[in-house]
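This report refers to the structure that appears directly beneath it.
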Amino acid sequence: MNLSARMIVVLTVVGLISGSLLAVVGMLTKDRIAFNKQQEIEAAILEVVPGTEISKEVFTEKNFTIYSGKNRDGNLIGYAVYTSGTGFQDIISLMFGTDPNVTKINSLSILEQKETPGLGAKITDKELFLRFWDNKDAGSAISLRKPAVRSQDELAPNEVNTITGATISSDKVLSIVNQSLEKLKQLKKAGKLISEENDAE
Amino acid sequence: MKTKTFPHGIHPQEFKETTSNKSLQPLPAPEKVIIPLHQHFGSPAEPLVKKGDEVFMGQKIGESNSFFSACVHSSVSGKVMKIENYNHPLGNPVPAVTISNDGKDRVFPDIKEQKDPLSLNPEKIRQIVKDAGIVGLGGAAFPTAVKLSPPKDKPIDTIIINGCECEPVLTADHRLMLEYPDDIIKGAELVRIATGAKKIILGIENNKQDVYNLLQKKIYTFPLEISLLKTKYPQGAEKNLISALLKRAVPRGGLPFDVGVVVQNVGTVKAIWDAVAEGKPLYERALTVSGAGITSPKNLIVRIGSLFQNAIDYCGGLQDSANILVMGGPMMGLAQGTSDVPVIKGTSGILAWAEPEHITEHNCISCGRCVTHCPMGLVPTQLMKYSKLDYLSEAESRGIMDCVECGSCQYSCPAGIPLVHWLRVGKHKITDLKRKKSA
Amino acid sequence: MPSKSVGAEYIKGLWEENPVFRQLLGMCPTLAVTNAVINGIAMGLATSFVLILSSLVVSALKKLIPSQVRIASYIVIIATFVTIADRFMAAFFPPISKSLGPYIPLIVVNCIILGRQEAFSSKNSVGRSLIDALGMSTGFILALLVLSSIREILGMGTFLGHQVMGAWFKPWIIMILPAGAFITLGILLAVALVIESKTKTRKN
Amino acid sequence: MTNNRFILKSSPHFKGKDSVPKIMYAVILSLIPAIAASFYFFRMRALLIYLLSVSVCLITEAVFLKARKKPMHSLWDGSAIITGLLLAMTLPPSLSLDIVVIGAVVSITLGKHVFGGLGDNIFNPALVGRAFLQVAFPVAMTTWIPPVTNQINTATYATPLGNLKFQTAAIQGALTPLKDLFWGNIGGCLGETSAVALLLGAAFLLYKRAIDWRIPVGIISILTVFTGVFWLTGPDKYASPAFHILAGGLIIGAFFMATDMVTSPISPLGTWIYALGIGLLIGIIRLFGGFPEGVMFSILFMNTFVPLINRYTRPRILGERSTP
Amino acid sequence: MELITLFIAAILVNNYVLYYFLGICPFLGVSKKIDSAFSMGLAVTFVMTITAVASWMINHWILIPYNLDYLQIVSFILVIAALVQLVEMFIRKISPPLYQALGIYLPLITTNCAIMGLALLAALKDYSFAKTVVFGVGSGLGFTLAIVLMAGIREQLDLADVPEPLKGAGIALIVAGIMALAFTGFSGMIN
Amino acid sequence: MDVLIPILTMGALGLILSAGLAIAYRKLKVEEDPKVVKISEALPQANCGACGYSGCRAFAEAVVKGEAETNGCPVGGEETIAKVAEIMGVKAGEVVKKTARIHCHGDTEAAKDRGLYLGITTCYAANLTGGNKQCPYGCLGFGDCVLACPFDAIQMGGDGLPVVDEKKCTACGKCVDACPRNIIELVPLAQNMLVFCRNLDKGAAPKKACKNACIGCGICARACPEAIIMENNLAKIKDYKKIDPEKIPAIEKCPTNAIGRLFKEDEG
């Protein structure tokens, strides 16, 4: 067999074998990976809209998804908003939940972030940051309390605490949430989310 | 009065006042003179005499048939005692002719006065200069005959007479200008004739105002211009002098020829005049014996081949504290291990003083003073490091061969790094390497 | 070709030819994923998996592959195993897969792997290649372990997530950042050289 | 006649009067007003930090000189003391002392001796130490105490620049008055608060020619232009150039850190490029960056450029262009 | 505007070498001389740009439509290898001087994690085509900046009295560490 | 279908690539130095750049050009190094074992200083200023040869003269090049008698400068004229083989011990 032919045959065969092997692997793992992803989202929804039994995507665009959360009886108990934006270093993806009328934020959960460890990364810290987001008044834009205070009581209903030394990361989270909140309200007002609600009734 | 100058450089303390008003006086010829056969840039001369020969004062005793060389003459009359290696101020011993002085100063019979020296043709002048063994008396001892023979394709338009004497301490050239102004000017005119140049510029540093005033009063028919320069070191370095006076830059690795200039030291032009007009070959020169280590500093005219010790003794001897003996100026002069070395044509001064016996060297802190002071526009600290680490090709490409070893960098270096020494090491290694490659 | 004993063939990867400290290979993952010990171990294991399997395959196929397309073939083989490792981790260890990000797929361009194929597996028997790959893998894991331990302990005061430093300790956050990675590895390389020269002089 | 008592060495035999220790001690001397000011504003805390920082620097330096068999006289050339002082001056007064020790060790080790010692370092040693601490202990390094107190109060007290950046003081019209910035009655690092004390020292250095005037002039002028443009377009949003010059570490950085001879370019042209780079970066970081202060980062960043700057701004060799 | 910030971020904030740790091998290996470092940087930038384009096309035209995301690694690396080969041969044929200046660095680039990393990162972040290209160019320039700065520093350190065990890679890594510190100053600048 | 697409994709990719490569190899084959090819093949082909060159091929070219050392590839290990060396044919074919010898006995006690030397402490630098010793031919004692030796075979002895360790010396000649005064020479290891001076001056001057200088008296040459001659005032062993063992005592009557044996035969 001449050299060129051998080259072509060998590489093609290698490619074919690799392709088939990968096809098998791909199929074996596909469902599992999708399942992982699904579960991650469901867990997050449950965290920000407690009591959710059935969740459903009601609106989606790039890097922005609204899920509706319903209880066992099929009643809407809130929305979970998945969103992302730039942080101090890189993208921050987060999810927050609201009540069905979008008057208050239940809680906030950070899904993905690459902020400075030990500093900006404290946005994932329950004690230092996330707990101050529980049950906030969503009537107007949320604002940040600077400098940081020690207890929940010192904050206004629509105020959240900043992280000492990581003001920017806190700020970024705030603006991501505020933007998405605004969007959610508008969508709600425009009735874009209603069809889903009707389904349940 | 506006003075001209070149960029960069330094201004060290001058110490010239000790000798600047002491007139030149001859050093009595010693009992024997030791005349090295190699006192110049180029090939060494071969001896023309042998042991036991009687020689006259001014008789040619060494000659080479190479173009890049200079003849050597006896500075006394007497008998050749031996021809053997002898200590040399430039380092390793070289063959030298030792002549015992009969004290009669019998002049070589061929030496005659010239009737009308200024009417000679260039060829003749060059021949006389060559036969008189004249070399640049500023220190480098470049054969003058070579300098007077520019290549045909490089026409010379300007002669620069270097009266800067920018080295601290030295005053011999200053005195020469004060005492023999006519000889110098006429010598310069001879140089102009020999090279076919149009104009002569005499550059004088403004610390020699008296010379300037004196020369201003004199009237010559020559195309002469006297120019006052700022007192700054190294004002007298060939390329910097050209840049200061004419704003011309001699190309890297090039010679003043390349920009149509010939530069001559005042001492040299005086020697040229003496040789052409009086037939007197170069067997004596003016020099300064000074420094805090010399008991009574003087400006002397010394026969070539006299020992340093002779000159020092005549100036009252060395102080006890003196621990450094330098031939030439303090910036570029060579430290001597002994005073048992002969005065050669390039000896512009004999200096001695007390120097601390410790050198504290600090790390280079890149202050950049060597760079701001280097008159050649080099980066000495970097070249030093290249030289230290044997990065010779880098050193060469960054211009180490352009270094004139003026010492401005080291003078201004706060870290006390022997920059010049390192640069010399690098330069020599590169030359060695080239020699090896071409061999 | 001088053949070494099985033991020596294995051992050389640990120190003499340690891919990270001695050969300076695979620096990207070494620096990028060693901010926590668990990441370092996971990366080490994934790389080992790819290295060992592709060494086996390459050494088995060495006669069949013409030299002109060998690099291309090796790359395909390596990439196949990398994909397997990547998918496997994404399926069964999602948190680690997430924290390692694109660095698992990047194993495909880790010079250790391609380098070993070229330098060793393509010229040696299956058995020897396996041992060589095992040795290199161990060396790589070891290096990652050392680096990640230092970084995690100093940077967070923890080891594998467990608090090991007392309360007095203020974590040096720089250690888990890029700057700390570079500096620590630089110092470790110097230490490795010092140890090497010490052992050499002792031998002499 | 043969007397071998003479000194043998290469020319030149004359030497200028300046020496490395003289330059270094001039810098130390020039820092005294600022140090005194920090004693006044931060009392015993300041003294402790200075003492600790300088002594640890000296000890580390000594250890390295010994280990690398270098002449011990280098220990007292003043460079280690300067590093110690400058490091201390850039630390918050409330910083715990063990962190000071780490900073001093890092300054001398990573800032200087890994490169081969004084003169070989690429980065300003004090700033390397400071940057290391800033990134390693971000919270401790950004916790400030009010001036003229001796208490370590963890309640946050903001620096003028911190105010500007995070509290949007400019919008609220709550900028620290220039007068306080000038005298130093503000929160901030030990030695950087009092502009007047620093300027006093800087004037001395300029008079002594121990620093290159181009660097501070370049930095300050470009910063003035840069911040001035923004200030003119929106005085209610941006602080004035005067504020930017007096606030934070600009003066100490421009006069004492960026001028470090070892880590700044050699030629005048290079020096201008370097200074303008620093000034511009400071402006960019302060106005748009994540940190309230950018002096340290800007200087370190431009330090990395110095070898390149030196290479491309090499002076022209006499006769270079006219090579036949 | 978004593209500009992405571009600046790729060069300064999330510098390829100093933040993502990609391309460390050539960063350490070819940073001894400024000239070769610069050529290497340009070569990387060039290949990165083409890779960005090619990988985006493969990803969006083949892999995603056919649900073949698990073929990403294999297909990217093969395409990169093929592209680099092609470019190398092309340059060699078209312009020998350019080949001398740039081409000799190309083989080194094939197995360079910088290129592969770019393809993967762009895919991971789901950038649009324009963004991918900008990201590619910016990352390449970021790499060039880092490697040229490093080369300048190393040329200077070559003359310095660096402790023996730190010479070479050791000191280069420490310098990289301090450079990373200096680059930290830019973080938070992407808005 | 789901299985087929990936298989086909990969197969197609492989096909296209290999076809492209095959064509490319045909069309763009460039004639090369076979040595480069050989070395290139011996290298790991990791193209990692660890050697400092842009890939294995560039390194191979550098080796062939002599720019890079044969052991420059850190990745391949000893085998690669051995192979590369073999291809380049760097095998030393030594016949007579030589060693470096120092032709000077001007130790600190014997040779007088010329002054208080404060310049750079290397022989090369000192030599430029005329040297620190009075003798212009002798050892300067700063150990340039020690630094030049890549094998650690030369050390500075306590007396200010370098000492060669014959066991370590490979006669590479680096020290010979490094010595600015050319007093080191590669001499057959077996040669037992040497002239320990390079001074060309006569009589008083060398004697004053160094106790151990050859003063050119010629005693040795007269004792064994067939082997030893005087040249430029210096004794020279013209033909070591012709030294008559019986005449050795006469030769060793040298008043300054400037000629002599390295070791007495009976000592081994």
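Think of it as A, B, C, D, E and F in the order they're written, each chain with its own count starting at 1.
Criterion: a residue touches a chain if its C-beta (ideal position, glycine included) is under 8 Å from a C-beta of that chain, and two chains touch if they have at least 3 such contacts.
Here the structure is a predicted model, which means the values were calculated and not measured.
**Student:** Going by the contact rule set out at the top, which chains touch both chain A and chain D?
**Tutor:** Common contact partners of chain A and chain D, which must touch each of the two, are C, E, F.
**Student:** Can you name the chains that touch chain A as well as chain E?
**Tutor:** C, D, F
**Student:** Going by the touch criterion at the top, tell me which pair is linked by more C-beta contacts: A-F or C-F.
**Tutor:** When the contacts at A-F and C-F are counted, A-F has more.
**Student:** Looking at CA centres, what chain is most distant from chain C?
**Tutor:** B
**Student:** Just give me the whole-number Å value for how far the CA centre of chain B lies from that of chain F.
**Tutor:** Averaging C-alpha atoms per chain gives centres 40 Å apart.
**Student:** Cα centroid separation between chain E and chain F, in whole Å?
**Tutor:** Measuring from centre to centre gives 43 Å for this pair.
**Student:** Report, in whole Å, the distance between the mean C-alpha point of chain A and the mean C-alpha point of chain C.
**Tutor:** 34
**Student:** Rounded to the nearest whole Å, what is the centre-to-centre distance of chain A and chain B, using the mean of the C-alpha atoms as each centre?
**Tutor:** Chain centres of chain A and chain B, defined by C-alpha means, are spaced 85 Å apart.
**Student:** Among the residues of chain C, which are close enough to touch at least two other chains?
**Tutor:** Those would be 24-25, 68-69, 71-72, 76, 79-80, 83, 87, 111, 114, 173-174, 177, 179-180, 183, 186.
**Student:** What are the residue numbers in chain F that touch two or more other chains?
**Tutor:** Chain F, residues with two or more chain partners: 2, 5-6, 9-10, 13-14, 17-18, 21-22, 25, 46, 48, 50, 114-116, 118-120, 125, 128-130, 134.
**Student:** Which residues of chain E are in contact with two or more other chains?
**Tutor:** If we look for residues of chain E contacting two or more partner chains, we find 25, 28, 68, 70-71, 74, 78, 81, 110-111, 163, 166, 171, 174, 177-178, 181, 184, 187-188, 191.
**Student:** Tell me, which pairs of chains are in touch?
**Tutor:** Those chain pairs satisfying the definition are A-C, A-D, A-E, A-F, B-D, B-E, B-F, C-D, C-E, C-F, D-E, D-F, E-F.
**Student:** Sort out for me which residues of chain E touch chain B in the complex.
**Tutor:** Residues 158-159 of chain E touch chain B in their complex.
**Student:** Mind listing the chain E positions that touch chain D in their complex?
**Tutor:** Going through chain E, the ones touching chain D are 34, 148-149, 152-153, 155-157, 160-163, 166, 171, 174-175, 177-179, 181-189, 191.
**Student:** So in the complex, the part of chain F that touches chain E is made up of which residues?
**Tutor:** Going through chain F, the ones touching chain E are 2, 5-6, 9-10, 13, 16-17, 20-21, 24, 28, 30, 46-52, 54-58.
**Student:** Which part of chain A faces chain E closely enough to touch in the complex?
**Tutor:** It is residues 18-19, 22, 25-26, 29-30, 62, 86, 88-91, 116, 168 of chain A that touch chain E.
**Student:** Could you please specify the touching residues of chain C with respect to chain F in the complex?
**Tutor:** Interface residues on chain C, with respect to chain F: 1-2, 12, 17, 22-25, 67-69, 71-72, 76, 111, 114-115, 118-119.
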